[in-house]
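Letters are used for the chains, namely A, B, C, D, E and F, taken in the order the chains are written, and counting of residues starts over at 1 for each.
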Amino acid sequence: MSAPPGGAALPDIEACEEIELSALRAAVQRCRDQRLRFITITCMDMGETFALYYHFDEKLKMRHLLVHAPRAAEVASISDIYFAAFLVENEVRELFGVNITGMAIDYHGHLLLTEDNEPTPMAKVRMEG
Amino acid sequence: MRMLRNVMRNLFSRPSTRLEPQRRAPIPGVRGTVAFETADCVYCGACGLRCPAKAIEVDRPARTISFDLFKCVGCACCVEACKKGCVQMREAYAHPSYQKPDILFQGAPVLKREEK
Amino acid sequence: MQFMDVASLIRSVSPGALIGILVLLPALSGLLVFAVRLNAARVGIVIVTAWVVTGASLTLFLWGALEQRSLLFTPPPVGGVSWDLLILLGDGALLLIFCILGAARRSPQIFALALLQAGGFLWLEAGMKPPHAHAAPLAADWLAIIMTLIVSIIGMIIATYALPYMRDHEAHHQIHVSRKPRFFLFLLLFLGAMNGLLLADNLLWLASFWELTTLCSFMLIRHDGTEEARRNADRALWMNLLGGVAMIAGILLLAARGEPLSVRQVLADSAGGAAAQTALLLPMACFCLAGFTKSAQMPFQSWLLGAMVAPTPVSALLHSSTMVKAGVYLIVRFAPAFHNTYLSDVVAFVGGFSFVAGALLAIGKTNAKAVLAYSTISNLGLIIACVGLNTPLAMTGAVMLIIFHSISKGMLFMATGVVEQHMQTRDIEEMQGLVNTMPLTTSLMVIGILSMLLPPFGVLIAKLVALEASVELPALLILLILGSTMTVVFWTKWTGRLLSSAPSTPRWGIERLHSMYLIPLLLLTSGAVIFSLLVVPVLTQLVIPAVTQYYEAIRPTAAQIPPMGEVLQFPWLPFALTLTAAVLIPLWIMRARRPQVRDVYLCGEQVSGLPTVTFRAAGEEKTELLISGYYFESWVGEETHRRWMTAVGVALCILLFGTASLWK
Amino acid sequence: MFNFVHKCRKKSPWIVHFDAGACNGCDIEVLACLTPVYDVERFGIINVGNPKHADVLVVTGTCNRRNARVLRNLYEQMPEPRAVVAVGACALSGGIFHECYNVLKGVDGILPVDVYVPGCAPRPEAIAEGVLMAMERVEQRSREPHSQMQAEPAEREERR
Amino acid sequence: MEVERILLALAALLFAPIVGGALTGADRKLTARMQKRIGPPLMQPFYDAVKLFSKQRLIVNGFQSVSVSVYLASMALSLVLLVLGMDLLVLLFVLALGSVALILGGFSVKSPYSQIGSQREVLQLLAYEPLLVLMVVAIYLKTGSFSASSVMSLRQPLIYSLPLFIVTMILVMAIKLHKSPMDISGSHHAHQELVRGIYTEFSGPQMGLIEIAHWYELVFLLGFIALFWHTNLLCGALLALGCYFAVIVIDNITARMTWRWMLRVTWLFGIGASLLNLFLLYGIAGR
Amino acid sequence: MALKTVIPFGPQHPVLPEPIQLKLVMKDEVVQEAIPHIGYVHRGIEKAAEKMDYVQNVFLVERICGICSFLHALCYCEAIEKLLPCEVPPRARYLRVIWGELHRLQSQHLWLGLFADAFGYESLFMEFWRNRERVMDLFEKTAGSRIIISTCCIGGVRRDISDEHLEEILQTLKEVERALDHSIPALLEDYTVRKRIVGKGVLTAEKAVELGAVGPVLRASGIAEDTRMTGYAAYDELDFKPVVETAGDCYARAKVRALECYQGIELIRQAIQRLPDGEIAARPRGRPNGRVVTRVEQPRGELLYMVAANGSQKLERMRVRTPTFANVPPLVAMLPGCEFADVPVITLSIDPCISCTER
């Protein structure tokens, strides 16, 4: 495993399924039904949009969902499906400014940073407030 | 009750405390502190560039190297970077201090070609 | 010279007149207050009565101290009608009232018990022609005098305190048609009846006063007229009526044996040998049962808990010097009659059990008055346990406890009442940090509480005596040990709540209290402190003589009062002074060199400068620190224990009668 | 007498340790000081874990805005004489993290630091030495004629 | 006679802290050795105390000082009472007075750890107080008097007739000295969920006073144990030190338990053992 | 009045080696609710990794955490090596296993000690930490540093382990094992300890998966998932079975970690036995390009790196999901209903590493 197969540069992660933002919750629910373990969410700031990877694990195999969310779009929380997601959702919202709503425990943008920090430090385009 | 045995054994054996550092020889190969031997230095700046903590600042025109001991994380990247072998790792660890030491290495100014 | 004058003056007063003042004046003033509905007049009457009655009781006390003898007294007939007849009529009227009450409240228990009692009474009077006592119907020995002194002084202090309290009470409850006249009528009547009860020697008189206190307490408990108040008053009534029935039954049994209905004579007869004593056990058991109901011992504890719906002065009165003490007094009185019997042991266990159970249940209560109520039950249990031990030493402990408990408990209830009027709460948890808002009341309250559990305060010394006395009965001793440690738990918890405060510089700001709140509080607090400081003289001059006088007279064979060497020789005064110094020195140092105040440790997230203790929590939110005490609902909640405790209580009562009728 | 007090002070440095955003390396070394192999209790050093009892505040880590607040709060609760020891490259300057967005580059910006212990992570012996040096320093300070002990902390900071 | 007694009391007051401090030092040293460490010097407790007195006085509120001073006073007093051979029950109540004073000091601060520590300290009181009283009762049953001096008149050491009480005494010691498994309301090592529990908010000189009070308490407890072997001073001292050593060993071989466990153990086991011993005593005496 | 106690537990608290706050809502001493408050250690390393070049990042990610530093570097290097691509020489792969397992060993020791400390068992804490120092000495000798060993680099390792040192490792492991034989029963078989940890903080297998638990927490609930089974470094060539317990309580977690110490020792022995000769590092060529996710098993569980590169010297995005981050939600779910005295025990039973969590 330590040697990469093929040798060519990989354009994207293996086993990644790209889905619409609106289909997100249904897809996550499906994962839940298949008893996948939720791993985490990775957010990438692509400028116009945020790319959100939802990583799942099925018996040590990974599965990923990729969602492109426009900057201002509202992303529904999945923490009611996977409680474990509340932490990372708060983090993503705080560091990138992705508008995630309905977290199980809402830190109101102060999970990691205080009031006097610059907001959304990880975002490429600084958002105000 | 398993612990009783351990405790009693400890009580009647020598403490394992090291009365360091007096009693312990330095271990070879330990990354203690960075030391410069500036004699051969060409002020190329490679060490500063490779330093992840930006602890080394090489000023090429002034031919100075300032080393910030307080930033150094002891990764020895500078040692690997220096082709001249001017940066080395000493085995002794740095002692605590009351103030920030200013470590500055000054090389001889660059000689103009004609002066040579 | 002067002293001699005063002494001869006191000697010259007619103790009979004093007794008249003590018993009748409160009743008359009560009626007056009821009739004259003027506020100012009421205040005046109550205060004057208070002074006069206090004065009378003090004079009686001094008289007793000088004369060193018991007083026997037959009041002269008024207008040709003998007092016997008056009392008889009064008793009949009372029983009639109870029957009517039972019917009106549609309470079968009350009705049945009242009827039963009336039946017994009729049988006694009409059917049996009881051998009336030839002796005087009133008697005042040293014990009775001390008791009257306590009842009168504490009772009158509470009555004074009730003046502002009831004003505030009605203001808060928006009661527009004042019921104060009625309130004070029963309050004062109560005190008169209590004095009568203490001084009565004729058992029929005793029973009448007994019923009168029942009626007064019933009226006072239901004073506020809420549904809860009525319900609880009903409960108090039927339980006390049960006691009344037991009492009548006891009297009937005595009468049936041809005993004279006089306390002294019954006691004297009981000393006449084993057979005589055994014969008297059953009536004694009846009297003990009566005493248990009145002093709310374990199966009957619920009425006292319910009684806390009444305005606080009522609780103060019921719990400290009157009512519950009437029950104990009865048992103390008759104790020599069942000296050295199994009955006595059972009585001790009833008391011991109530002591532990009360203390245990008090741990689970957040309501300050409920804690006080359980503590009363517990302390009375201790007293009764002492009585059950039935040795002179134990009796000494019992009497001491009666004295010190009355003072401290009265004070605590009053303080709780003041807090209630200021903060509208009786909840211990809401009294958190009271020391900041009401430093004076809190300080007094804390002294009051500590006087219930720490050396060198009197209650503890009495407890010590009790413990030392109880080594006779090891099983009881264990109950006492457990009970006293549990006592420490709930008192400490409560004090802790009071003191728990946010960071502050020591300051001595004092809240403003109505003088009629303040003076009673101060009086009783200083009483508790001074009596504790003077514990040795109190013991040697008051308690031991009282016990000797009445107990030894009857049971001279019983062991002499032990020298009480340990407790008496102990240098209480230097000890108390050392502790006082330990309290004062740091205060003095603090005044001289002010230490700096810092926030409490909140793991580094404290927010300074706020009036409450605050920290930052999730999402940077400023969160107020909340701390509440432990109440262990599942461990010591009433619900968990009520069943079995009642069962044990009932079983003990059955045992009481069992031993009385079967064994010596 | 006076000397005895000073000696006692030096011989009983109680520390409180706060991790102001360290990578754990330094924290673990601070803890390792207490273990049998290094056993700093032989110098009287104990980790009391409570600023109100502590003489020395041992800080590890880079400091960020959130824990700077905590750090100040803790320092404020320590009774004088007190000292601060900064342990590790992070606490001295931010170390490798000095350019991260949530890093305040060391403790000096927040509290007056008495002793700096360089290294990443410094060895336990160095940390123990740092604590002892801090006590030394505190002693010198309190021997000065106008001992700063009585001064309010705010004043003291100004004077520095 | 009076003068003698006063001198004796003064001597106790003076020497107890010294002995107590030294014993605490020995405890720390022993503990360290059991953990294979060198440990602090024997004098360490004194260094600590002196240092504490030289620290700035910070308080949270004024009542704390009062509570500490009453605590110290009653600990010292109870020792004096023991030395003078006074009534043992009184002595226990004086001891309880001290604990209550400290508890109230802990309660007086609205601080989570100090409050919870105090709550637990109350529970500790509930746990050990019956044991101590039972012990005194046992002594009474043996001697017919509650005074400590009456023990002196016995011909046989108490331990012969009351051996199980040594066990309960060890329980009590573990609780009172805050040793594992009973270091519930505040331990000497800070690694505890309550920080330092009831002591959390006391600092500087107040803490120093508390330390001294602890020393008195320690000496008092050891003296109490020594009472069990009064016929021979050496045996008494050895017995006391043996118990202390046992407590230290137990401290090192057990985890901290919860208050529920403590209550269960002290009430069931402790009281049970006491009663068993009393029962045996009675049974044998009866026959 | 509702009898409620709301108190902060942390950030600065003696039982917590690292700052995290739990806001505890309790009644009597029973926890009703626990809300974690983090952010005391957040530095912003993910962002910093975008600023530094990808080679220097190795030293950065190593300092995410001083306990599991080597494995951070390993996971990151694996990711970059996949993107370059670059073949790691076999000896380097085995050396990585050795150092990685030594790291796990010291981390488990550290945890066992801290765990013992959480319920006030100071002498046991000392025992474990004394034993841990043996491992730390090995690091010092073989890698030149105690904590942050900086031996992993892209393409292999920076240092070789000489034969004498291998011998010494074996020797020390024997001592460590012997010491463990003494101290682990004192933890797992002691009456008082069992009283404190058996049945506390139970997490069923169902819940564990649902809440996303990883590592020993997951395995203690009966799920045999160990990321090492995916076979990175040289694990595909070594024999081992994941340690699994089924009770899901603190005791099971302690047992899993205790047994993993033995497992680690065994793995190191195997690795030393099979250690091939040869190069220790390959020279990386080119620039990383593409996106990749790698996972390795940390002492605390599965660590995930996602690296997105665009062919330049600097990375586009580096995402780190650490095991503790995944174990915090189970912790939040486990705490309600426990005693206050058990809070430190349960909290430590997930072996929280906050610096990893917050990066």
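Side notes on the structure shown:
By definition in this document, a residue touches a chain if its C-beta (ideal position, glycine included) is under 8 Å from a C-beta of that chain, and two chains touch if they have at least 3 such contacts.
For clarity, every value in this text was computed on a predicted model and none was experimentally measured.
The minimum number of touch steps linking chain B to chain D comes to 1. Minimum number of contact steps separating chain D from chain E: 1. Looking at the partners of chain E and chain F together, the chains they share are B, C, D. The central chain here, found by comparing per-chain C-alpha centres with the mean of all protein C-alpha atoms, is E.
Two chain pairs are in question, A-C and B-F; the one with more C-beta pairs in contact is B-F.
With respect to chain E, maximal separation of chain centres occurs for A (centres as means of Cα atoms). The most distant chain from chain F is C, comparing centres defined as mean Cα coordinates.
One inter-chain figure worth recording: chain A and chain B are separated by 41 Å, centre to centre, where each centre is the mean of the chain's CA atoms.
Centre-to-centre separation between chain C and chain E, using Cα means, comes to 36 Å.
Between chain B and chain E the centroid-to-centroid distance comes to 53 Å (mean Cα coordinates, whole Å). Contact of a single residue of chain F with at least two other chains is seen at positions 5, 7-9, 11-14, 29, 35, 39, 42, 44, 47, 59-60, 63, 123-124, 126-127, 130, 148, 186, 190. Multi-chain contact residues, meaning those touching two or more other chains, occur in chain C at positions 596, 598-599, 601-605, 616, 618-619, 625, 627, 629-630.
Residue positions of chain E touching 2 or more other chains: 32, 34-39, 56-58, 112, 116, 189-191, 195, 200-201, 252-254. All chain pairs in contact, by the document's touch criterion: A-C, A-D, A-F, B-D, B-E, B-F, C-D, C-E, C-F, D-E, D-F, E-F. For chain F in complex with chain C, the touching residues are 1, 3-13, 21, 23, 27-29, 35-37. Per the touch definition, chain C reaches chain A in the complex via residues 618-620. Per the touch definition, chain B reaches chain D in the complex via residues 15-18, 20-21, 52-54, 68-75, 93-100. Listed in rising order, the residues of chain C touching chain E in the complex are 432-433, 435, 450, 453-455, 460, 464, 467-468, 471, 474, 477-478, 481-482, 484-486, 488-489, 492-493, 495-497, 499-506, 566-567, 570, 575, 578-579, 581-583, 585-587, 589-590, 593, 595-602, 613, 625, 627, 629-630. Across the interface of their complex, chain F is touched by residues 1-3, 5-7, 16, 27, 29-31, 50, 52, 73-77, 89 of chain B.
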